[in-house]
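Labels A, B, C and D are assigned to the chains in the order they are written; within every chain, residues are numbered from 1.
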Amino acid sequence: MKFSFKNDYSEGCHPNILQTLLQCNLEQQAGYGEDEYSLKAKELIKEKIKKADSEVYLVSGGTQANLIVISSILKPYQCAISASSGHVLNNETGAIEATGHKILSIETEDGKLRPSDIIPVLESHKNVPHQVMPKLVYISNSTELGTIYQAKELEELSDFCRQNRLYLFMDGARLGHGLTSEISDLTLERVAELTDIFYLGGTKNGALIGEAIVINTISLQEDFAFNIKQKGALLAKGRLLGIQFLELMKDDLYFDLAKHANQQAMKIKNAFRSKGVQFLADTYTNQIFPIVSNELIEVLSESFDFFVWKKVNEDFSAIRLITSWNTGDDAVNSFIEIINREL
Amino acid sequence: MKFSFKNDYSEGCHPNILQTLLQCNLEQQAGYGEDEYSLKAKELIKEKIKKADSEVYLVSGGTQANLIVISSILKPYQCAISASSGHVLNNETGAIEATGHKILSIETEDGKLRPSDIIPVLESHKNVPHQVMPKLVYISNSTELGTIYQAKELEELSDFCRQNRLYLFMDGARLGHGLTSEISDLTLERVAELTDIFYLGGTKNGALIGEAIVINTISLQEDFAFNIKQKGALLAKGRLLGIQFLELMKDDLYFDLAKHANQQAMKIKNAFRSKGVQFLADTYTNQIFPIVSNELIEVLSESFDFFVWKKVNEDFSAIRLITSWNTGDDAVNSFIEIINREL
Amino acid sequence: MKFSFKNDYSEGCHPNILQTLLQCNLEQQAGYGEDEYSLKAKELIKEKIKKADSEVYLVSGGTQANLIVISSILKPYQCAISASSGHVLNNETGAIEATGHKILSIETEDGKLRPSDIIPVLESHKNVPHQVMPKLVYISNSTELGTIYQAKELEELSDFCRQNRLYLFMDGARLGHGLTSEISDLTLERVAELTDIFYLGGTKNGALIGEAIVINTISLQEDFAFNIKQKGALLAKGRLLGIQFLELMKDDLYFDLAKHANQQAMKIKNAFRSKGVQFLADTYTNQIFPIVSNELIEVLSESFDFFVWKKVNEDFSAIRLITSWNTGDDAVNSFIEIINREL
Amino acid sequence: MKFSFKNDYSEGCHPNILQTLLQCNLEQQAGYGEDEYSLKAKELIKEKIKKADSEVYLVSGGTQANLIVISSILKPYQCAISASSGHVLNNETGAIEATGHKILSIETEDGKLRPSDIIPVLESHKNVPHQVMPKLVYISNSTELGTIYQAKELEELSDFCRQNRLYLFMDGARLGHGLTSEISDLTLERVAELTDIFYLGGTKNGALIGEAIVINTISLQEDFAFNIKQKGALLAKGRLLGIQFLELMKDDLYFDLAKHANQQAMKIKNAFRSKGVQFLADTYTNQIFPIVSNELIEVLSESFDFFVWKKVNEDFSAIRLITSWNTGDDAVNSFIEIINREL
């Protein structure tokens, strides 16, 4: 079978997680997230972000987290704002709209939002009450294009949102990768200070399942658990989620796994770079988008699985390569060998 | 720590499931339910029900299954019908209504619906277009009260639904327990023939997570996967669900586990019975509702956890005892000892 | 053609309304409720209730008013409480559920809710977060059964709601009839003090169209207009609604029309009563429910249209008779003649 | 007071409508659209479109019509497609999304959609089941920019939709203006043949209230009335809507009124044109968008109300002028005088 660089959820989970699942398997635990593993995991997360008054909820996946968070915050006539590449816009089968809310799309080159992107949207939505009211800014870090927010960028965006009474929500499906990028100066603690709500993605970073929603703004915490239950996201055996995050949070395993994925991607990136290959976006996380010839795509496809992302011209296309917490040196090296051989 | 008879999801999962999770953990598999474990599990289920043209989808939990199924079937102005004890009515935080649909409640003694219960509801909903249109009958087997449908009862209900152009949907969160009850003459195959759609519950019968939705009626199958994704129920690592059902379906493990749970409950039931204790409902599955004195409740509570279900009078209450696939003889015997000693 | 006692919306509107529509027809007015007629009508209503800080919005009909009000107030996991006879429960095609909210139904004899009716519902909805959270009490005055709330009853209910953090919403589709009932001691001013939100029904009391929603609680006023627009209820030619209420509010026409309807109904009621006829409910508004023989129903049906409401036994049924602002003495007298002749 | 060219709903309604409202005011009529005026109006519309098997429903306004139609047709995971200028996208406070459905926006210069605009959207929405499924094409005629569809354009679009199993829905808020444009070769009959569903706008063409939804595709007709009731759009006094369309349909009044509005706009357009003024779009209906200097705007604003639509540069902006069924020669002539004097 070919090795796959298609995504970061092809493998199971970090062995520590399975180990703990095994160890506690026959214990009787309270249901619906009241088990001791979930409670400990939540405490650990709050310690890491140094915000004792944040609240943490564990859910199964990213679309679920997004739809619960956004529908819990917005009133019926309010809407979200997202970069046009946002996962909520293109990859969730209208999950947000199905809860009744529009998402306004903003075209940006790099998948990131800046105050200057948002201002015109606010300006063009002032025809009360004939238009939806923008109320929540959705960003992802790392973004769907592999790019990241630097501390200063997030600070400016956060300030802007507070001045304009907009909530700031960070989709952290790949937050580990964003924060451990070699160029990132942002910390988890700072993310918690600058956003109203965000989540730590587990599924794409070594968990079998699970995203940890962190609510920093007190007024958004009220009755949040009801939303989780109503949307079908409250697992009876909550220990399954608790154990994922308990293990990932121990000794910074979460960040180690993400850093590993980033490093493997950077090795491949550098191999391409040294051959003068261009990229669709200049990324420093576990997603890279090299623009290569159709011939090279064909050769690489003999040994590897990956997505051809975007046709650039008749002869060249950008491909997407994603590495994971478990991408080994063998795969990376043999991929690089082909690059070196063919280019 | 006290042994708990509070529910059937206190423990983890059957060891075979964890064993397979371990074995395949580092394999790369396709995401979103296209992994080979999910595909095999679905095939196994279709073999068991002997319906090659049914479709199977795996989701995380019961509320999720209920809301996806019901919202996928009903048009905006159509509603579901449920016994007043139905899980969808009382225990899902309005999950169905949140998708836009009313549920009409019918009072029944035993948690079951019969054509004679439904006829008056149809009669009283004919003021077109001022009332919702009843279109789907929701039943559970075993029910929330531990009772079951016999083959003849389900046949009559199924016939009635077809004659009245109503869809029949069976919530099978405890379907294993229903079918392996010592008094049941219903088979899984027959359930698939008589319902339009049903699910096999995993969470309450030895899985860590998961319910397997089976769609028997072809017209309800179209595009079903979109609904799963839209409601945030499509796990990236679908193998997690696939492996649960693959293992449960092998060699009838699913039914063995449920039968075990039932048998443990029946032992306790018989112990109460031999002392002349009455029950809130005459059940033959893994839920029993003995009516006991406050004194006995106090004594039992010293060693066991369980819910006091319903006050019967000043001195007596019904308690709910639930056994699981993993309830051992020790717990059962020591519980029975107390009964024998105290009564 | 037979005279109809089927409802109070069979005729057009009070001539004053058409007169003003004619007079101002070719004037250019601002759209979407910003016309001078709507503005004046709202001011008049606020004067009548003596609450300068209430806000008034005009919409087309009762179902529209109910769904806008309820969906604007409740968070996704919150629900309404209604008497089982409530219009929102049985006669609006699931309009409230279509906005995502459950309505809990309480059986009551007379269509009214008292604190003692609501307490058990609150008690049985404490399994957080597995159940919907009751947050709004929906009542109607006069009720769907023609009964009314007295001042003391409404005060008790209002106090109870405030103590329990429940919003109190009065459907006033027939508020005029309720307040001008010969036995009512409640005033419009008092209604505004005791409810968080209510509406003055126009359609059933001499308007061509229109209900005036009055929001007394400041926190519920924020951005309310957005909800009206989003639900398709904001008429471009808002003058149509404004003129209805401007005319109805002048010189208490609204109350005069309702009182007339009530009086006509009472004449018929007294005619039945003097013959010893029983009623389904003891009403003092424009709806009466006499229990009469099948023979009498047949005779009355030769000259009049009305609904046979409820079969009481093989020989007797309750019929529903509704009078309107325009029910003349001729119709009433000839109906009474038949009663006197036949009984 | 200044004369307003701000919109086509500033005045009341054509006198014939008020006349009939007066004449039948005290008649008793069946409620909820079963009155004889509504029934006759519907028959007249079906005669005009020469489609006896179409169904007609009367509702109050455009947003209401749009949300009822779209939500009645789409399954939860399906979405609509609209030109970016579409009323449903920008001017209805998220009404469509509030019913659970996304609208995909397509940028077009002239507010019209062609197959070539839609193809890329279909191509980029094939990642089943991760994306919404496009299922309905929303167009308006005349468009929000005043442009129109010619017969050939609508035929091509209709063919394309049928080949791609997309429903075609025409928002006809200004259908009269579209069809009576001096350059239009499209007929009402042809619109009914080429669309699955459309509506005839009354509010912007001489009615006090009302849009007539015409459902041409049989499968979309089933149970449609339930949707109208559920969304709060079923008027108790349906005669109000029936009379609007009965009068408008008599002797082609509907088209005469629209033609008048168009002609008045064309007079102004020609006045601008003869002075070499450019337009934002080249329109032939009752909306024109001349690009004029700030100085001229100031002068015109002394005597007339209108919207400044779009800033073109520091010195020039496009203004929007809308004429109505009731725009008289006096206003038009005095406006033209200013043009002639100032340019």
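Worth pointing out:
Convention: a contact is a pair of C-beta atoms (placed from the backbone, for glycine too) under 8 Å apart; a residue touches a chain by one contact, two chains touch by 3 or more.
In this text, all values refer to a predicted model and were calculated from it rather than measured experimentally.
Using mean Cα coordinates as chain centres, the one most removed from subunit D is B.
Listed options A-B, A-C or A-D contain a single repeat of the B-D interface, assigned here to A-C, on the basis that more than half of the contact pairs agree by residue number.
One simple way to say how far apart two chains are is to compare their mean CA positions; for subunit B and subunit C this gives 42 Å.
Distance between subunit C and subunit D, defined via averaged C-alpha coordinates, is recorded as 34 Å. Subunit A and subunit C have centres, each the mean of its CA atoms, that are 51 Å apart.
Residues of subunit A in contact with at least two other chains: 76-77, 92-94, 98-100, 129-130, 132, 226, 229-230, 234. For subunit C in complex with subunit B, the touching residues are 76-77, 79, 90-94, 97-102, 105, 127, 129-132. Taken together, the subunit C residues at the contact with subunit A in this complex read 32, 71-72, 75-77, 99-100, 128-130, 132-133, 223, 225-230, 234. Touching subunit C in their complex are the following residues of subunit D: 1, 3-4, 7, 9-13, 15, 18, 21-22, 24-31, 60-68, 92-95, 98, 203-204, 208-209, 226, 229-237, 239-240, 326.
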